[in-house]
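Each of the two complexes below includes chain A, the first together with chain B, the second together with chain C.
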Partner chain A sequence: MEENNLNEMKELIRNYVIKEYIDDDDTTITDDTPLISSGYVDSFSMVSLLVFLENKFKIKIPPSKATPEAFDSVNNIVALVNQYLNK
Partner chain B sequence: MLSEHPSYEELTRDFSWSIAEKELEYTPGDIINIGWHCSDRICHKGKADKIALYYEGFGGTRKQYTFNDIRLAGNTIGAFLLSQGIAESDRVCLFMDRIPELYLSFLGILKIGAIVQPLFSAFGDESLFVRLDNAETRAVITQKKHLSKVRKIRSSLPKLEFVIIVDNVKPSELEPGEILFSLENAEPVEKFEIAPTRAETHSLLHYTSGTTGQPKGVKHVHYSIMSQYLTTKWVLDLRDDDIYWCTADPGWVTGTSYGIIGPWSLGVTQCVLDTGFSAQAWYRFIENYKITVWYSAPTAIRSLMKAGDELVKEFDLSSLRHLASVGEPLNSEAVIWSGRVFGKQFHDTFWQTETGSIMITNFPGMKIKPGSMGKTFPGITGAVLDPVTFTPIGEPGKAGLIAFRPGWPAMMRTYWRNEEKYREKFVNGWYLSGDRSSIDNEGYYWFMGRDDDVINTGGHLVSPFEVESALLEHPAVGESGVTSKPDEINMEVVKAFITLKPGFTAGPDLELEIMNFIRKKLSPLAMPQAIEFMDTLPKTRSGKIMRRVLHAREWGEEIGDISTLEND
Partner chain C sequence: MSYSEKTKDLYLSQLADIKNAGIFKEERFIHSSQAADIEVEFPSGSDLKKVINMCSNNYLGLSSHPEVIKAAHDGLESRGYGMSSVRFICGTQDIHRELEKRVTEFLGTEDTILFPSCMDANAGVFEAILTSEDIMISDRLVHASIIDGMRLCSAQHDTFKHSSMEHLEEKLLLHSNKRLKLVITDGVFSMDGDTAKLDEMVRLCEKYDALLLVDDSHATGFIGKTGRGTHELCNVMGKIDIITTTFGKALGGASGGCVSGRREIVEMCRQKARPYLFSNTIAPVIVSGVLKVFDILSASTERRDKLEKNAAFWRKGLTEAGFILKEGNTPIVPVMLFNAKLSQDFSKELFNEGIYAIGFFFPVVPNGQARIRTQISAGHERHHLGAALEKFIKVGKKLGVPGLTKEQIIEKFGL
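Now for the complex of A and B:
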C-alpha cells in the first residue's frame, strides 16, 4: 500500500477511535497507543470497532482474527485491515 | 490442597452466623461499621504495617498501601466529605475506574455513615442518570476522564450537589459544584470518630437490572459483613498469608463483597489490576505478585482458554493455590482446562446482587463436579421450586426455580423506594432468585438458565427493557425487540430486532450508528452486538412484542405457544 493511503487509513481509524471511545479531550491517542490493553476500548466495544472497519473498508474479518491483540493499536488495526483488503 | 477448615459436612452441621460475629468480635446491638472493620480493626489486631492493597494501573503505575494507610485514607476522605456537609444516609456515588481512590473512598463513605453507591465507570450518561436520579444521590466521586458524562446530566439532577474529582483538573476548568480532592495532598487524619452505625444501618446501594422497569437499587446493611467475612474465609479459603486477586470491578457487587469487604475484613492482602484485558498481562500479574487465591469470571476464563495453553507455560503461576469463579455458569470445559493448565480447578460459586454473598458453591475440599455450581453454603437453606406451586421439587434432576429461605446477614433489605418489587421476590417464605436449576441426588445444583428475559452477558445482567427503551430514542427506530444470542466467550450477548420509521433505510452504516448510540447512552455491555432489521416484529394481539419468539429463534429452541401471536 502506498504511504499516502496508509497514512490516510491510520488517520481515519485514529479519528474514529478518538471520536467514539475517548471521553477525555486531553487524552492523546497515537498510532502506537494501546487501545484494548489500556482499557480505552473494552472487549464489548471492540465489536463496534470491527463493524466500523468492515463497513468502511468493505472487508470481512473472521471472528478468529478479531483478537484483542489485533485491535490493540491503530498500527495493529491497519495491519489487520491490510490483510483483508483486495481479497 | 484441601482446605484448612473442617469439612463441609461438619461446618453445615454445626453452623451458626454467631461464628462470624464471634470472630469479628461483634455483640448484637454493638456499633458495626464495615469501613472500620476493614481497616481500623485490622490495625488494632497488629497488622497495621501489613500490605492491604497492591495496585497496578496501565503503563506499569504501581502503588501499595498498608492497612494503616487505608485506615488513614478512609479517615481523610471521610473527614473531607463531612467538611462538605455530606451526612449519614446520604448517597455518595463512586464513578471511577479501579484506582486506589475507589477502594479508599469506599471505606471513607462508610465511616461517616453515608451510603456507597458504586456504579460501573463504563456506564453511559443515560444509565448514570437513571441510577443517580433514582437514588437522589448527593455526591459523585469521579475522575476527570468520566467528568463529561456527569456534566451532561448534571442539570437534570437537582439533588446532586457535589461532584468530587480525584485527579488532575485545573481549578480554572471547574464548573459550579465541582470540587477537587487529592488524597496525596490532603493532610492525613489520624483520629476520626466513626459514625455509630448499627447492624441494620444502610451501607451499600448496588443497582441491578430487571426484565421490566428501570434498574432497581439493592439496599444492603453493615451487618452484611458477617456473610461476606465467613464466605470469603471458607469458600475463597483466604488465609493470613494469602495474596488475593478478585478481578471484578467494584461497580458490581462481586467487586465490593469480595473485592473489598471480604479480604479486608480478614486482614488479607489483595491486588488490583486496572487495565484492559489481556491474557499476557493477567498471567504476568499473577506471576509478579505471587497471587495465591484468584476469584474471576467464566468470561475471563474462556478468554484465557482462547489465548491458548502455550502462553500459560511462559509464566510461573505456581503460587496459585485456590481458584474460584462467579458471574455466570462455569462450563465444565473451563473447569477441566484450568485443572490441566494451572493444576487447580476453578470452583464455581453462585450468588447475586440481592443475596450479597455466596449462596451455592463448590466448597474447598469437596468433590468438584465440573459444570455444577456446587451445594448451598452452610447455614443457607436452598431449594428448587415448582414454578406453579412454588413448593420444593424433591425429584433429583428436575428443573425448577432456585430459591432460598431468607435470613442470612447479607440478604438485601429492600429495593430502594420500590417495596412492591421487593415483595414480589418472595413466595411461600422463599426468596426467588430468578434463575433455574436442578439438584442432583448428591445435593449439587446444576444451572439451567434465567427464569425471565434478563440477559447475562459476561456475568453482567442487562435489561432488555432498558435497551428497547433506549433504542426507541434513536430517530430511525420505529419498534424494537431485544433478546440475547449465544456467544462463545460471554455466554450470551445482546441482539436487537428493529423496525425502521418511514424514510430510513436499513444498512450497515445505520447498524453501526445504532450500536454506538446504545453504547454511549447505556454501556458497552448493553450495546447490541448484532442488529436485525425487520419489516414487523412478532407481537401479541394486544400489541406486546414477543421477546420469547425472538429468543427461541436465536437459540434454536421451540417457540412454544403462539396462540396469542398477532396475525399479520
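Now for the complex of A and C:
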C-alpha cells in the first residue's frame, strides 16, 4: 500500500476511535497506544468499530479475527484491514 | 496432592502483583449492627473504634429496624430457616410468591421473579430472553454484574457513551436490523450518583422499537416522590420493560434481588434463567423481613423524605466548604480528589477522626477520577452529618484540598 493511502487510513481509524471512545480531551492517541488493554476501548464496544471498518473499507472481517488483540492499536487495526483489503 | 509448590507460587505471585498495584482489598470487621454508628476493628486485631458510617447502602436506615428484625424472627419461627431446594422442585413458599406480588405492586410492573441476589438477576436475565439474533446496547458505566450477565449471553453487545442520548440513538440506528434490541442502563449510577435519563430513553426505545432494562439497585425505595425508583422520578412508571433491583441495599440490606417487568419476560426467566433454576432462592427469614420493609414504605414516605433532606444538607455543606462534588441529586455524594494516593490518605485520616468513608480509584473508577464516595442514610441524624462535615473540613485543610479547582489539585498532587 502506498504511504499516502496508509497514512490516510490510519488517520481515518484514529479519528473514529477518538470520536467514538475517547471522552477526555486531554487524552492523546498515537498509532501504537494500546486501546483495549489500557482500558480506552472496552471489548464490549468493539462491534461499532468492526461495523465502521467493514462499511468504510467494503470488507468483511470474520468474527474469529475481530479479537481484542487485533483491535488493540491503530497499527494493529490497519494491519487487520489490510489483510482483507488485499483479498 | 495436586496443590504443588509451583501452583502455590503462581497464586502468591499474583497476590503480590495485586498488592504492588495498590489495589489489594482488606475487610474491616464491624462488631455491631449496621447503622450510622458502628464499631470497627481495623486493621485486623486492633482495638475497636467507634466511627460514623458514611459508606453503606443502608439508604433508608432499615438494616437494623426493630420492626424488620421482629418480622424476620416471626418468619424464622413460622417458615423455618432454609428451603433445601430450588424454587421449581420444593423451594417455593407462599411468602415467596407474596413478595413477588408486593414488588410488582410497588414498582408498578406486571410480574416479578426473585433471585438470590441482584447480581444473579443480572447474570440470568439476558441469556434467558435474548439469542444471537439480538443486540444489547448498554451505557458505558453500567454495574459489573450487568457486564457479567452480558458476557453469559450469546446476543451481540455494543455500548453508548455515558448518558449520551445522541450516541444511543446512533447505536439504535446502527443495529436497526437486529431481531430484538435491548437498551441497558443503571437507574442511579453507583460511583457517580447521577441518574439515567429514563424519559428520553423510553422515547428513543419507543421510536426504534427497542426494549429497556434498568438496574435500579441504588434507587428502589427512595428515588422518586414515593420511592418507587428512577422510573417514578422520570415519570415513566409502567414504561420500563425490565427492572432489576436488590433487597441488599435500601430494602433492609440483607440479600436477594429480582427481575420485575413484562409478564412474558418474567415467565421466560422462570423457565430459563440459570441462577433461578440452579440455586436456592432467598431464605424465608429474609423474605419475611423484606415484606415488612414494604409495609413500612407503603405506609409513609417519611424515611425517603428524611433521606432527601439529609443528602441536600450534606451536599450543601461540602460544597460551601470548598470541596468538588460530582453533580447529582441522590444520596451518593462523591467528593472528587482525582489523585489515587490522596483519596487513600484522605480516607485514612478520616478514619482516624472517627469517620468511615472509602476512597475509590482506578480501575474501580476511571483513571484520574479518584474520590471519596459518601453515601447518606435516613439513619443519619443531623449530629452525625454535622460531625462528619467538621471532620471532612479538618482533614481537607490538613491535606490542603478545599477551595482548590480540579486543575489545582492535579497540579499539587499529580494524577
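Keep this in mind: the second predicted complex is superposed on the first by the 86 of 87 C-alpha atoms of A that agree within 3 Å, B and C clash if a C-alpha of one lies under 4 Å from a C-alpha of the other, contacts with A are read in each partner's own complex, and residues count from 1 in each chain.
Simple rule for what comes next: a contact is a pair of C-beta atoms (placed from the backbone, for glycine too) under 8 Å apart; a residue touches a chain by one contact, two chains touch by 3 or more.
Keep in mind that what you see is a predicted model, and the values were worked out from it rather than measured.
After overlaying the two complexes on the shared chain, residue contacts for A:37 are found with chain B alone; chain C is out of touch. In the superposition on chain A, A:68 makes contact with chain B only, not with chain C.
Within the superposed three-chain model, A:54 lies in touch with chain B and out of touch with chain C [touch as defined at top].
With both complexes superposed, B is the one of chain B and chain C in contact with more chain A residues.
Comparing the two complexes, residues 23, 39, 42, 44-45, 47-48, 51 of chain A contact chain B in one case and chain C in the other.
Chain C makes touch with chain A in their complex at residues 138, 140, 147, 150, 156-159, 161-162, 171, 174, 363, 367. Put simply, chain B touches chain A in their complex at residues 58-59, 97, 122, 144-149, 274-278, 281, 303, 457-458, 489-490, 493, 508-509, 511-512, 515-516, 519, 524-525, 527, 529.
Across the complex, chain A meets chain C through its residues 23, 39, 42, 44-45, 47-48, 51.
Within the complex formed with chain B, the residues of chain A that make contact are 20, 23-24, 26-27, 34-45, 47-48, 51-52, 54-55, 68-69, 72.
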